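Shared between the two complexes below is chain A, which pairs with chain B and chain C, respectively.
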Partner chain A sequence: MTKDMMPKFDLFQPADIETALKLLDKYGVKAWKMAGGQDSLDWFKDRAKRPEAVIDLSGIEALKGVRETEAGLEIGAMTTLAEIAANPIIKEKFGLLATAASRVASPQIRTVGTIGGNLSQDARCWYYRAGMDCYRAGGNTCYAGTPQGMNREHCLFGASRCVAVTPSDTAPVMVALEAEFVIRSSKGERILPADKYFIGPAVNITHMTVLEPGDILTTIRIPSKWAGAKFYFEKVADRNTWDFALVNVASAMKVKADGVIEDIRIVCGAVECVPRRLNAVEDIVKGSAKNDDTATLAASSAARGAAPLNFNHFKIPLMENLVKRAIRDS
Partner chain B sequence: MSSQRIERHKLIDRAFHWVMAAAMFALLITGFAPKLGISFEWLLVHWVAGLLLSLIVLGHIIRALFWQSLRSMWFTASDATAVSSLLGKGDAAKPGKYSLAQRLMHHAVTFFCLAAIATGLVMMAKIDSPLWTRDPYLISAETWGLVYVLHGLAALIFVSLIVLHVYFAIRPEKLFYLRAMAFGWISRDEMTANHDPALWTDHTPRREGQS
Partner chain C sequence: MTTTDDMAIGRDPVTRRRFIKSIIASGAATSAAAYYLAGCSDGSAPAAGSVERLITLKVNGQDRRVDILPNETLAMTLRYKLGLTGTKLGCDRGECGACTVLINDVGHNSCSTLTHGVRGRAVTTVEGLEGPNGELHVVQQAMIDELGPQCGFCTPGQVMSAVGLLKANPKPTRAEARQAMAGNLCRCGAYDHYLNAVMRAAKSA
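Then we have the complex of A and B:
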C-alpha cells in the first residue's frame, strides 16, 4: 500500500453553495466533496480514490453553525463535531447528540471533523479500504463475507453481497431523533428523513447514502419532538478513543410520571449497513414500566433475525446488553 | 379471409412464451435500471426471475425435444432462396411453419439466453439463499471476471434482440403472428400467403366455419 504522497488533483475552495454546486456539475463523478477531510486525505494517500477535482466545502460559512428554529434545531452540515459536543442548546435539549459527537474518534479529529462528514462517511471494511476490488469498490466479490474473511467488525443484519456496516456514531442518533436532512443540488432542494438518507447494499452497493455526485448535504434539522427526553448513548469499541464502534446504541424515550414508557425510538449502529431501528424492542417496551424486567425482555428481542458472520457472533450479546442498558439506565 | 383457423401455437407453448417474456423483462429491468441510476432492491427479484427463466427454458427444451417438431426449426436448402431474395436475386420460396428470420431470431435468443442463464447460475454461488451459502471461491478470480463479462454481454445483446423482436411483432403485416402468440391461431389465408403448407410440419385445423 503506497502512503507516500497524494496523486495530483485540482483543489477548489468555493465560498458559497452555488459555486460548489456548479463545480460538482462540471466535474460530475470525477469530483470529490471534502468536508473536514479526515477521511478524504486517507483515501487519497492510499491512492484508493483518485478524484480529478476536490471541492473543499470548509470555506462555505452558510454550511456552518447551530440555529434554533420554531420547529427545533438546524445544524449546518459543516459544523464540527467539537462544536456540536460543546453547544449549550444541543447539550440542554438533545444531549444524545452531544454525547455521541463527543465519542467520535479523538479530540483532534472532532475539532476538524464535521457532522455532515461523519454522517456521510464511507464504510470502514478493511478489504474495501485497502483498495481491493470488492463489490463496494465496483468489483464482483466480497472478501469479508467469506468463511476465511476477517469480519469481526462487520454486519449482523441486511447483508446483500457486501457485509460492511455504518461506522458513524451520530447516524443512529439522527434516526432516533427523527432528524431531516436537507440536500441541495443544481436541480433544487430535497428533504429526507434520516432513515431514508442511509442506504444498504441491496439498494446501492457502492454508496452508503443517497447522495449523488451533484448533491451536497447542507443542513440537518432536528424536530423539537424529542427535546428534553430521556436519552441514552453508548459506544463499545476496541479502544476507548480514536476507534470505530463495534456496536453503538442511541435511544430517546418519553416516560410518564408513573414510570410507564410512553414513547421510544431506539437505534443501533455498526450492526448493519444503515442505522438499525429496533422496532420490535420499541413495540415491546411502549406501555410497559421502565424497569429491569422490561429492559431484559426487550433486550432478548434486540438481535432477532441476526445472521452473524464467522467472527462477529459476539455482537449479538453485545447488542442485547446495550439495548438493555439503554432502556434501564436512560 | 378464409373461415378456417390453423393452430400455430398450443396453449402450453404460448404460456411458455409469455412467462419467459415476463421473466426476461424482469431480469432486464432489475439488471439495467440500477446501472441507469435507479436505485432499488433489485437482487432478490433478479435471481428469482433468473431461476424462473431457467426452469421455463428447461421445460421448453424438454417439450421441444419430445413433443414438438425440431425439424420446423432447422435450416433447409430452400432457405437459400430467402437469402437470394434478400440480395435481389429472384423470389423467396415460402417457408414451413417458421420463416428464416423467425428461426434466426429464435436461435440467437437461444444462444444468448443460454449464455446468460449458464453464467447467471454460476453467479448464484456469490449470494446467500435459503438453499445454500455463498462461496465466492468456487472458481478463480480470473474466471469470475470472464463469467461477469459474458453475463453482461449476453444481457446487452439480449436487449437488442428484444427490441428487434418487439419491433417485428407489432409491424402491421406481422400482427397476425402476435395474435397467434396470444390466441394460438392464424387463418388459412394468412398461412397460404406466408407459408408453404407442405412444409408446415405440425398444423392441425381447429374450428371449421368460424372467421
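Then we have the complex of A and C:
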C-alpha cells in the first residue's frame, strides 16, 4: 500500500453542466468525472487509472437535491448518500432507498459519496483493483475465474469471461423501484430505465454502465408507482461497516387487504455483474398469500440457474434465505 | 495542549509532539515532505481553466495561504504542509477513519478529500479542539477518563468523529453513537471504551 501522492492530473471545478460537458468533450477518454471521489481517488492512488484531467462535479448545484414532482421523485446525481438516508420524503415514501443508502460503506464515505457515484462505481474484484491486466482492464485473462482464483465475492450468474459482481447497495433498489436515469451529453439528453443502465460483460467487458466518456448522469427519477409499498432491504457482508455486500436484496411489494400479494419486484445485488431481477420469484408469489409457505416456495427458485465458482457456493443458500425473508418479513 | 501523545509518554515536558513540531519548524522534515510530494508534479504548466494552486484554507479558525497541487489530499496538506500531524494516515484508502477531520463540523476522511475541494469551508483537526487556555475538549477528557486509547493511533480520528456526532446530535443514544463511530477502526479493539467516552462526553457537555 502506497502512502504517497497520486500521479499528477489537472483539476477542473466547473460550476455548471454545460462547462463540464465541454471539458469532457475536450479531453475525451483522458478525462475522469469525479463526484464524491470515494471510488475515483483509490484508482488514482493505485495508479490503475491515470486520467489527464479530473472534472470535479461537486460544484454543480443543479445536480444536487431531492424534488417531488407530479410523477414521483427526482434525485440529483450529486446528492450524497447521507442526504438520501436522512431525507424525510425518501424515508416516508421510498424507505427502501433510505435504508440501502444508510448501509453503504461508513458514515464518512456516505457524507461525500453520491448516489450517482454509487450507481456508477466500478467493479470491486481485487485482481482488477490491484491493477492486473485482466479482461476488464483490457487484457486477455480472468484471474478470479480460475480454479485457484479468490472468487468468494464473485458471481453466480451471467459470467462471460469476467465474473465480477455489481458492488452497489443502491443499484438493486433502483431496479426494484423502476427508476429512470437521465443522462446528458453535448449531443442532448437520454432517459433509460434502471435495468438498462447497468451492463454485463457479455455486452461490454470493460464497463459496468452504459455511460460514454462525454456522458453525465444528471438525475434519477423514481416513479410514484411503488411509493409507500411494503419494502425489504437486507445486506449481508463480512463486516457491518464499510464492507461490500456478499449478497443484498431489495424488494417492493403490494399486498391486498386479504393478504394476497398483488404485485412485487425483487432484485438481488452482488450475485451478477448487474442487479439481478428475480422474475421467477415474482411470478410464483404474485397472487399468493403473503405467508411462510409462499416465502419458502419462492426461495427455492431464487437461485435457479446459478453457476457457482470454486469459493462462492455459500451465496446460493444466502440468496435463498434473503429472498425468503424479503417475502415473509417485509 | 495535552494530547494523546503526551499521555503516551506521561507528562514529560518535552513531548513527542513538541519534538516533532520543533523538527518541522527547523526544516529538518522538509526532505520528508519533499519525498511525499515529489513526483506528483513534473513542473509543466497546468492546463487553462485548471484550479489556481495558491489558495486560502480555513484551518482551526485561521486562514492559511498554501500552494496546493491539484492531486493533493487534505491529509497530505495538513500533515506535510501545515505540520498538523495530529491527523493520522492509516490506510489512505477511506477504510479506517484515522484521518477523520471536521469540514463545516461534519466528519470527513481527509485521505479521501482533495484539498481543492475544501476551499471556503472550515476545517477542524484535533489540534483545533483545545480551549482558549489549552484545556482539553470534553470528548478528549472523556476518552482519557474512560481509558479509550490503547496504542492511540486511531484516537485523533475517534475524537473527531465523536465531536462531529455531538455537534449534530448532542444527546445520542448508545446505538446512534455506535453507528456514528462505525467508520473508525481500532486495531487495539478499544471500541467499547471509545463508546463509553462518547456517552460520558454527551452527559457532561
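We take it that the second predicted complex is superposed on the first by the 327 of 330 C-alpha atoms of A that agree within 3 Å, B and C clash if a C-alpha of one lies under 4 Å from a C-alpha of the other, contacts with A are read in each partner's own complex, and residues count from 1 in each chain.
Rule of thumb we're sticking to: contacts are C-beta pairs under 8 Å (C-beta built on N, C-alpha and C of every residue); 3 or more make two chains touch, one makes a residue touch a chain.
No experiment lies behind these values; they were computed from the predicted model shown.
Once both complexes are superposed on chain A, the partners chain B and chain C fit side by side without clashing.
Of the two partner chains placed around the shared chain by superposition, neither chain B nor chain C is touched by A:S186. Contacts of A:A202 after superposition: chain B is touched, whereas chain C is not reached. Applying the stated contact rule after C-alpha superposition, one finds that A:T69 touches neither chain B nor chain C. Of the two partner chains placed by the overlay, neither chain B nor chain C lies in contact with A:N279.
When the two complexes are superposed, the chain touching more residues of chain A, out of chain B and chain C, is C.
Once the two complexes are laid over each other on the shared chain, residue contacts for A:L11 go to chain C alone; chain B is not touched. After overlaying the two complexes on the shared chain, residue contacts for A:A53 are found with chain C alone; chain B is out of touch.
Looking at the shared chain after the overlay, A:T241 reaches chain C, while chain B stays out of its contact range. In this overlay, which is a superposition and not a single complex, chain B and chain C have their closest Cα atoms 29 Å apart. Common to the chain B and chain C contact sets on chain A is no residue at all.
The touching residues of chain A, counted against chain C in their complex, run 1-13, 23, 37-38, 41-42, 44-45, 53-54, 56, 58, 105-109, 111-112, 240-242. Chain C meets chain A in the complex at residues 35-42, 46-47, 49-51, 69-73, 76, 89, 91-95, 97, 100, 106-109, 112-114, 116-117, 161, 179-180, 182-183.
By the touch rule above, chain A contacts chain B in their complex via residues 140-142, 145-146, 159-161, 199, 202-204, 207, 210, 212.
Chain B meets chain A in the complex at residues 34, 37, 39-44, 126-128, 134-137, 141, 144-145, 148.
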